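Heads up, the next two complexes both have chain A, just with different partners, chain B and then chain C.
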Partner chain A sequence: MILKAKQYKSGVKPIWCPGCGHYSVLNAITKAFAALQQAPEQAVLVSGIGCSSRLPAYVHSYGFHGVHGRALPVAAGLKVARPELNVMALGGDGDGFSIGGNHFLHACRRNVDIVYVVMDNEVYGMTKGQASPTTPENWDHSKLTPHGPEVRPFQPCALALAAGASFIARGHSGDPNGLAQILYEAVQHPGFAFVQVLSQCVTFCPEQAQWKEIVHTEDVCTSDPVAAASFLHGDDGFAKGIFYRNPRPVWPLAHERKEADLREGFRL
Partner chain B sequence: MSASLLEDELLFLAHSVALEQEAAERLYELADAMQVHNNKPLHDLFLELAGFSERHANEVQVHCQGKALPPLQVWEYSWPDEESPEVVHYSRIHYLMTPEQALQVALEVEQNALNFYQDVAQRTHNTALQQLAEGFAREEAEHVQAVQRRLQFLQKTGMNNTDFDPPHMPA
Partner chain C sequence: MRNLTIALTGSGGTGVVALGEMLLRAAGNTGYYGILRKTFGPQIRGGESAAILRLGPQPLASFGGEIDLLLALDWSNFQRFADEIPISTSTLIIEDTAAGERPTQLSARDSIKTLDFSGLAQSLGSAHSNIALLGYVAAWLNCSEEQVKAAVFQRLHKHSEETVALAQSVAAAGAQWQRNHPIGLSPPDAVKQAPGATPEHWLATGNQLAGLGALEAGIRFVAAYPITPASDALEWMAGKIESVGGHLVQAEDELAAVNMTIGAGYGGVPAMTATSGPGLALMSEAMGLAIASETPLVILNVMRGGPSTGIPTKSEQSDFNLAVYGMHGDAPHVVLAASSIADCHFTMGWAVEIASERQTLVIVLSDQLLGQSMQILPPTATMPFKASLTQAALPPAEGEDYFRYLDTESGVSPMAVPGQAGGEYTADGLEHSQHAVPSARAQDHEMQLDKRRRKLQSLVESSHWGEVSRRDNAELMILCWGSLFPIALEAQQRLQERGLAVNVVNLRLLSPLPVVALRNCMVGMTKVWVMEQNHQGQFDQYLRSHLSQSDCADLPELIRYCRSGPRLFTPMEIVELVEKAGGAQ
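Take a look at the complex of A and B:
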């Protein structure tokens, strides 16, 4: 039986604000799964905490709504223990780049075969709109930062490249079909695939509705880290597409896998 | 819009089916979102519009019976924009939107679908495809008129766009 995208949705109705970009990411994931004909029982979505981290509940697969900032170590551990599963970690910009920032760097470096989707709306939405690591330095819409954060925002794709990610891409919630294609490629990439998604927060950053006008497609995919670094250094943050794809050995390496028999290690 | 879409009847039908189904699915999704946020008037309205789109999707399916439509991935469709023309973009939706605003958005996407079919009908050299596209365009024109009538009724009854509870954020 061929599964359609809507059959990958669970019966749980999302509680995101109407108009939230995360609906689009949910649709892109289900569309990518349909394109891959992903067996639901072989897929696991692992998330941290935040609006976007609710997503596993809305997908017909296994899911783990975890600890704030800790989606990546849980996902990596699961993949190492059960390499036959298709593991996707999910979260927001605060969860992934602030609370979980260190895990992000080391997940890129380690290159475990998982996909990491960060729904980046440049704000902590669930806690009512505080500045996050990717908030523009002059964003003054929060009473906590009346003059804006006044610090440079994180550059997630450039960081991922520097830390060793072997697949780096950016999508936009205004283009769920294009994002589905990126996710389709990311899932099939052997190694750590990082996908930043510009996903608008209609409630606390309504100005992000304008992203649709300024996001632009860039056909620059390269396996050369120098060329990728050059592109990302000049990136305005609104380019979308697959920027870098350079498969390298996936962790754990074959000889380590043999030694890491978890059942043996945990035998009482 | 690709040249093959303008000449290949099966490819055009595949696009038409996707256009109508995606429109209905998005409207059902919006109805659910409004229900979760206790906005019953909008839930009812989006549900009604979704039913409308679903019926039209079924009508288009009738034209496809016995035909092997090309299997396309979602990113392989040739739309004028990033999503199919009759899909309501998330960026147009807000949890405090009024029925009038929702109908304005519905009117826009119905008009987009009408433009899509009219564009195909005008540019194709395939007579059978032209007749098909003209037929779909006529149906979309009826939808545009239906939404316009609904909108006019709403405006006569005095409902407006006033946001009675704006987000507590600086302007």
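Take a look at the complex of A and C:
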């Protein structure tokens, strides 16, 4: 039986605001699953906390909705313990780059074979519009930071490269088909695949509606980290596409299993 | 002499802990039973360290407190351990010529023997006075040259053959000295009193046995972040877990460690982490997640002095409150305490079984004393526990709905694991309906809270809740938990020899508290001492709040007896305490 994209929807009604970019990410995931003919029982979506992190409940597959910032360790533990599963971690920019920032760095470095999708709306949507690590430095719409954050935003893709990610891409919620294509590739990449998605928050950052005018597709995919770094540091943040793809050994490496008696070594 | 306690002090570089281990092994192979406590200062290398070795003809699970023989390779940092090494006028002291200036409290003593162990080692081309001392003391204990050689080899086998051979010759020279400069104290009669320890006996630490218990009960995934004094449990497991097809991950921090463990547990693979106070504090949020999402999770917490970085290298039982209460929301879970080095194996196994059967968090409390002390003991019994997931009737029949968080009578719901078609659900720390759909309704919240509490309640009926050691006609009782149990048992024995009958009750199941079993133990008692090694009597406060909710009409007098680490409780102080109050019977 061929599964269609909509058969990967769980039927639970999303809590998202009408027009939220996260709907498109949901659609892109179900499209990618349909393209892969992913067995629902073999896929697990793991998330943290945020509007974006609500996504697993809306997909017909296994899911784990954990605590804020910890999607990556849950996903890594699951994948190491159950390597045959297709494990995808996802969440928001606050979840992944602020409270979970340390896990992001180490996940890039560790290279467990999982996909990590960050729905980046440059804001904390769920807690009603505070600045995140990717918010522009002069964005003064939050009462919590009336002068704006006054610090430069992270560049997530450059960060991922520096930390050792072996697959780096960016998509846009305005282009679910393009994103589905990226996710299709990311799932098949052996190792840690990072996908940043510009996913607009219509409620707290209505100005992001303009993103669709400024995003541009770039065909620059390379396996050379120097070329990738040079591109990503010159990037305006609105390029779409797969930027870097350089498979390296997936963790944990396979070791020959030596049978041993657990009780050996205790005798006097 | 029935038992013998030897204290060894030196700086980290003098190798007193290695000396203690080699001496324990050689003595064990001669027929002694024994236990070795290691105590370290804060410095990693070159700082002060001390080892306390107790030997005797019967199995020894506790330390007596009295020091019969003090061997000093280096006095310079002795003061830092003075509290933990109570020297009396009957302590025989032997110092190395290079030990440096004697501590002031000993300067007046004229009975100190000074021997040139470092000179002896140097004359053979070795810098290791500890090995000369090993030979010297081992010969006094009637250990054969072969046994000493074997103990040296065990310790140094990763070094070159020359290094091992040199050390063995230094030990032999030390043994020779025993003939020329006898200690002048008779060793305990262990060897004559068959059957002593045999080569089939084990030499193990509580941390190793906790690791063994975990793997034997089915743990196949471990994620952790290094922390004293839990790291050696992890290191032991790291060397073994792959042989049974599992994985150990060194995580980037404890937040990652506990969440990785939860991920594996959600995947149906029995999983655990191990840590100590500061790490347990960091894991607090995720513990709530395991409870709410009903994911099996085992945490071994090897306690050290707190709060904050506290005294990382020394024992205390002060994480009780954190383990029992340290969570947001109403978060019922299980807290167990290992009650001896050997019991680390049993209690870990039970924890693994409970966590998987009841889909919940189980915290096992151990401490530095149990975790890092080394004991000669009979081979550990076969593991009686096994991790098992209660996946009731899955996958559900075609067309039937799957209720992951079904409100069952036992409180345990059918748990599907990824890979099972028809069981797809999203596990959630958000409150949810029986159907695993997020819900903020009061009705769902109450149902799930009730369910998560209910599924733990029958645990108090388990016979594993604790141990009761009774004496005829006793009206006095000691109630304790964790590493205090072996000490209390020794006090009970000594009290009996003095004609005082005392019962000792030890709790393995701290939460949920087996109130009925405890009340039954208290029937007929006039006084109950509640003992624990922390400053504020954390367990005692908890106990009283539970007892006050039960019928408190005929409660015996409860007496709190607690103090902080790292000074160990001694059997004699308990004897004196009970005698003083108990004499009034």
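Everything below uses one rule, namely that the second predicted complex is superposed on the first by the 255 of 268 C-alpha atoms of A that agree within 3 Å, B and C clash if a C-alpha of one lies under 4 Å from a C-alpha of the other, contacts with A are read in each partner's own complex, and residues count from 1 in each chain.
The criterion applied here is as follows: a contact is a pair of C-beta atoms (placed from the backbone, for glycine too) under 8 Å apart; a residue touches a chain by one contact, two chains touch by 3 or more.
Please read these numbers as outputs of a predicted model, since none were measured by experiment.
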Chain B versus chain C as contact partner of A:6, first or second or both or neither: first
Chain A residues touched by each partner, larger count belonging to chain B or chain C: C
Contacts of A:131 with chain B and chain C, given as first, second, both or neither: neither
Touched partner set for A:180, first chain B, second chain C, both or neither: first
Which superposed partner A:140 touches (first chain B, second chain C, both, neither): first
Touched partner set for A:76, first chain B, second chain C, both or neither: second
Contact residues of chain A, present in both the chain B and the chain C interface: none
Touch list for chain C against partner chain A, complex: 25, 28-29, 197-204, 208, 212, 215-216, 220-221, 223, 240, 242-245, 247, 249, 251-253, 255-257, 259-264, 266-269, 271, 285-286, 288-289, 293, 376, 379-380, 416, 418-430, 437-438
Residue ranges of chain A touching chain B (in the complex, touch as defined): 5-6, 13-21, 23-24, 31, 35, 129, 140-141, 143, 173-178, 180-181, 184, 200, 202-204, 206, 209, 211-212
List of chain A residues in touch with chain C within their complex: 10, 12, 39-46, 54, 56-57, 60-67, 69-70, 72-82, 84-85, 102-103, 105-106, 252, 255, 257-260, 262-263, 266-268
Complex contact set, residues of chain B against chain A: 25, 29-30, 32-37, 39, 42, 73-75, 77, 82-83, 89-95, 97, 167, 169-170
